[in-house]
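Please read the structure below before turning to the comments.
Naming follows writing order (A, B, C and D), and every chain is counted from residue 1.
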Amino acid sequence: MSEPAIVLGANQYGKAEVRVVKVTRDRARHEIDDLNVTSQLRGDFAAAHVEGDNAHIVPTDTQKNTIFAFARDGVGSPEAFLLRLADHFVSSFEWVTGGRWAADRYAWQRMEVGGAEHDHAFVRSGQEVRTAVVVADRGERHVLAGLTGLTVLRTTGSGFEAYPRDRYTTLAETRDRILATDVTARWRYARADVDYDAAYASVRSLLLEAFAEPYSPGLQSTLYGMGRRVLEEHAEIAEIRFSMPNKHHFAVDLSPFGLDNPNEVFHAADRPYGLIEAAVVREGVVSPPAAWDGIAGFC
Amino acid sequence: MSEPAIVLGANQYGKAEVRVVKVTRDRARHEIDDLNVTSQLRGDFAAAHVEGDNAHIVPTDTQKNTIFAFARDGVGSPEAFLLRLADHFVSSFEWVTGGRWAADRYAWQRMEVGGAEHDHAFVRSGQEVRTAVVVADRGERHVLAGLTGLTVLRTTGSGFEAYPRDRYTTLAETRDRILATDVTARWRYARADVDYDAAYASVRSLLLEAFAEPYSPGLQSTLYGMGRRVLEEHAEIAEIRFSMPNKHHFAVDLSPFGLDNPNEVFHAADRPYGLIEAAVVREGVVSPPAAWDGIAGFC
Amino acid sequence: MSEPAIVLGANQYGKAEVRVVKVTRDRARHEIDDLNVTSQLRGDFAAAHVEGDNAHIVPTDTQKNTIFAFARDGVGSPEAFLLRLADHFVSSFEWVTGGRWAADRYAWQRMEVGGAEHDHAFVRSGQEVRTAVVVADRGERHVLAGLTGLTVLRTTGSGFEAYPRDRYTTLAETRDRILATDVTARWRYARADVDYDAAYASVRSLLLEAFAEPYSPGLQSTLYGMGRRVLEEHAEIAEIRFSMPNKHHFAVDLSPFGLDNPNEVFHAADRPYGLIEAAVVREGVVSPPAAWDGIAGFC
Amino acid sequence: MSEPAIVLGANQYGKAEVRVVKVTRDRARHEIDDLNVTSQLRGDFAAAHVEGDNAHIVPTDTQKNTIFAFARDGVGSPEAFLLRLADHFVSSFEWVTGGRWAADRYAWQRMEVGGAEHDHAFVRSGQEVRTAVVVADRGERHVLAGLTGLTVLRTTGSGFEAYPRDRYTTLAETRDRILATDVTARWRYARADVDYDAAYASVRSLLLEAFAEPYSPGLQSTLYGMGRRVLEEHAEIAEIRFSMPNKHHFAVDLSPFGLDNPNEVFHAADRPYGLIEAAVVREGVVSPPAAWDGIAGFC
């Protein structure tokens, strides 16, 4: 019996990390959109792989040019911008059946000069990066919004107790510790008529509020509360997934120096760290695998 | 009609990036294993998320301790070490149905001192990092080996021609350019009785050889040739996936300075870069989605 | 004639990057100090280097312990904290004649929850990192304050013209471009009775204002204006030094696509970048070299 | 009495991180030079800073172009390439009195294909980066060679004992530990007729050998031995400076799990780390401050 043939499997290609900055300057008060955009196409590219025939390979350079050209008309929300790119590529090349478009968006604040907001001077603000992904795949279309690098910390109101023990357990229980994490979250919209910027701002606020309260018996509980809060308030969101490190802050033992340490002095450790990943979903709603393929840090 | 309830979806948690170094020193010639290990458990953790009940939450600290304790008996190949961890956690806690264990392995070379290899002095070698992932999920068990950061370059024997053009295309065709990439590859073993270290060394060599030759009409073609070569030589490998940037080296236009540039002086660009991702598989063999969930950069 | 002997030159050693977090929690409204502290001692350490005699080597581990122990009493401004460390080490060990103490300080904002500032939940804020260095050297004592990573951008009001040309010049003149940089600045205090926190806040504001206005004929001019403004307003500051990349934003040529680009669509380039470094000083005031040794990016 | 005027202090400017790759292809066996070059000019640039007059500002873009143009004739050693740039800029513009030119050089190895070295396929090799700096300043000219990121480790033959103790000392003495560091070293050549490539290769070897042996009573002693060895063998080197982290590998306490740990299982910690910096020099030879200004990590 012969071996099965070796063939091409799933594939996509494109241009990654196109750093496009769009200035809107048709009025005195300028606006700035600062994006890092990746475009990848899916479709019938077997000949390029197997035979070296590039007749279907829309150059990655062309994809880059298209991103810059489309920015000329304005960017808007990153989700809307990616949807325009998706529509263009899928409708322009019959062998392109879909793709994956992603953007990071960096926020800028107006400088305050002499007590007033400046018209055209900005300072990079915040720490988190807003993320967006559009996946199109043979008629399906998915929009994932998100954020990464939102670093938050509670100085109290957090503990970890009543966990199982085995021969490798040495951890002490606590009802008072620092809880700190870098939130990475992605949520999938269930429908198309969304005000993406307003939804983003609202979700960000809800995540912060649900991190702050109530008492946290563990990062899993806090994560779930954050997700639940978002789904409760946003009917247009079908599901939300998190990848959150538990950034350990260890209370330093100062007793060798004749000092107490009532949870005031901590060592902020780098590695290892806890890593908590979970989805919060609506019961019975099936999550499309295509939307989440290739996204790190989620199971 | 009532809204669907909000519930917990897929989840996993554990300790990430445990930097364990094991020295084997029962003979004069020491050996060193240098790993970065992540352990994440899957199973019934709903109560912790929804009710704050940690009775099922094997602490991430315990997972870390277990990694160090298991290293005491020796590490061996990263794949074998992760399999030991998987067996332990799945068999020790009835509510743990599986998990994901991953390791990066850093290579060290013996120093040469006075013309001879030194017994216990080492220098970090190579550029790539060897990677391993074990996914266990309700009886299934998958082993992915891989490497990342293997930076390779050809100074000639590469071109890109005969691609489709549209109104956004400005790229010029070429039959002679630099081809450079950082190879990230992951391959899945079809069976369990593998000599992981030997297979790794062989796959690495095959990837290099298939990158070097023959003429490359595009990075897709080279990628496919690399994957095909590996599958041809390794019946124990079911599939291999790649994520490879096209690291552009642009020939600099020196004509304003009265100089020619016959592909000798290049600007090595950072961003944007091409990004080529594909799987090379055996026909008819179904790839288990669980093996690849949450791995970035592959579709 | 014999060769000159080989001897030990200048040296210092210590513990780097101690990540200490201090929570002040003696009232409901907690405060947080988040520092990355480095301590290095200078003095008579020749025997350790030349003879392997550690009798003078205060362990780097002890230096770390001291940082945590001193944090127990409160941190205050990073400059004041480093001065306490300097006093301690110089006075505690007769062979320690001085040293270098440095800190990065990360800022946290209170979360807003339900319209009010939260007592103990915080989000990492801003982008820049506040820096402080104390150098003590045989009786001299220098305090450098600073910041790094303050990313600012003007969408207009900047140009570059009337520069010299040679055979390698291809740059076009412009009176309208994006001006963007990551400000790294360090300033030296001329006296000891400084309110370091207030001075820092004021300098940061002045730097932003002087970046925003007036029209910039080049980054050198803007840098000088920023420094001048700080020295004008702060008699307690003896000098200020800057290292500022010119983060190029290139207007994309959209004409191949039938589009104009009146400075609206830009490519934000990574490398290479301009790099402008200069000191703004008070005439006749000699800068102590010891204060600035080993600080990167300043001439 | 009037305040001293505010004036411009020391300054330099230029283009940083020009990523130039030069392929030598006049024979079948290609060669590759891969550099990251920074050029900064010093001289009379006061008018640009104070008055916004750019008549002396050789554009950073021109400096970049010059780097690419000069690479057309071949690169050679990074030191020689930087010296050519220095000569050019100082001789071409009368107001340019000097500057600082720096390069990182990345090493590539030929691939082995079918048992033979390939003519034009390469893999990035080694871990360390070779560094070079040329400082020219009103007639003075200094050449600093160096390397960074050379990660080395000894599994035994290292200890730390007989250090002073105070109330903050908790460290235990040891005669057997892992010693690991990332070597950053820079050395200054005393004369101009140096074979820079040969000297580099020799110094790198000597550094490794002197790290490997003899028994290390502390990183200071090992550092000094490394420097001494280099100066003994290289009369053309006037001095050498090091910045070396003590990368702590802590033996993990396995006793809670009923296991011993005879220095076999270690946790490789990230932060904090020891930081040892020192110069090894020839007695009576005065080090020119201009050569070392603005180089991080050395006192």
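Methods note: a contact is a pair of C-beta atoms (placed from the backbone, for glycine too) under 8 Å apart; a residue touches a chain by one contact, two chains touch by 3 or more.
Note that the structure is predicted; figures quoted are calculated from it, not measured.
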Any chain in contact with chain A as well as chain C: B, D
Most widely separated chain from chain B, with each centre as the mean of CA atoms: C
Chain centre separation in whole Å, for chain D relative to chain A (CA means): 37
Inter-centroid spacing, chain B versus chain A (mean Cα positions, whole Å): 22
Distance from chain D to chain B - Cα centre to Cα centre, in angstrom: 30
Two or more partner chains touched - positions in chain D: 18-19, 65, 69, 168, 170, 256-257, 270-271
Parts of chain D lying in touch with chain A, wherever the complex brings them together: 167-168, 170, 256-258, 270-271
Contact footprint of chain D on chain C as seen in their complex: 3-19, 38, 40, 42, 45, 48-62, 64-66, 69, 92-93, 100, 160-166, 168-171, 217-218, 220-221, 223-224, 227-228, 231-232, 235, 239, 241, 245-246, 271-285, 287, 289, 293-299
Sites on chain A touched by chain C in the complex: 18-25, 30, 32, 34, 65, 68-69, 71-72, 108, 111-114, 118, 120-127, 150-157, 178, 208-209, 211-213, 249, 252, 254, 256-257, 259, 261-270
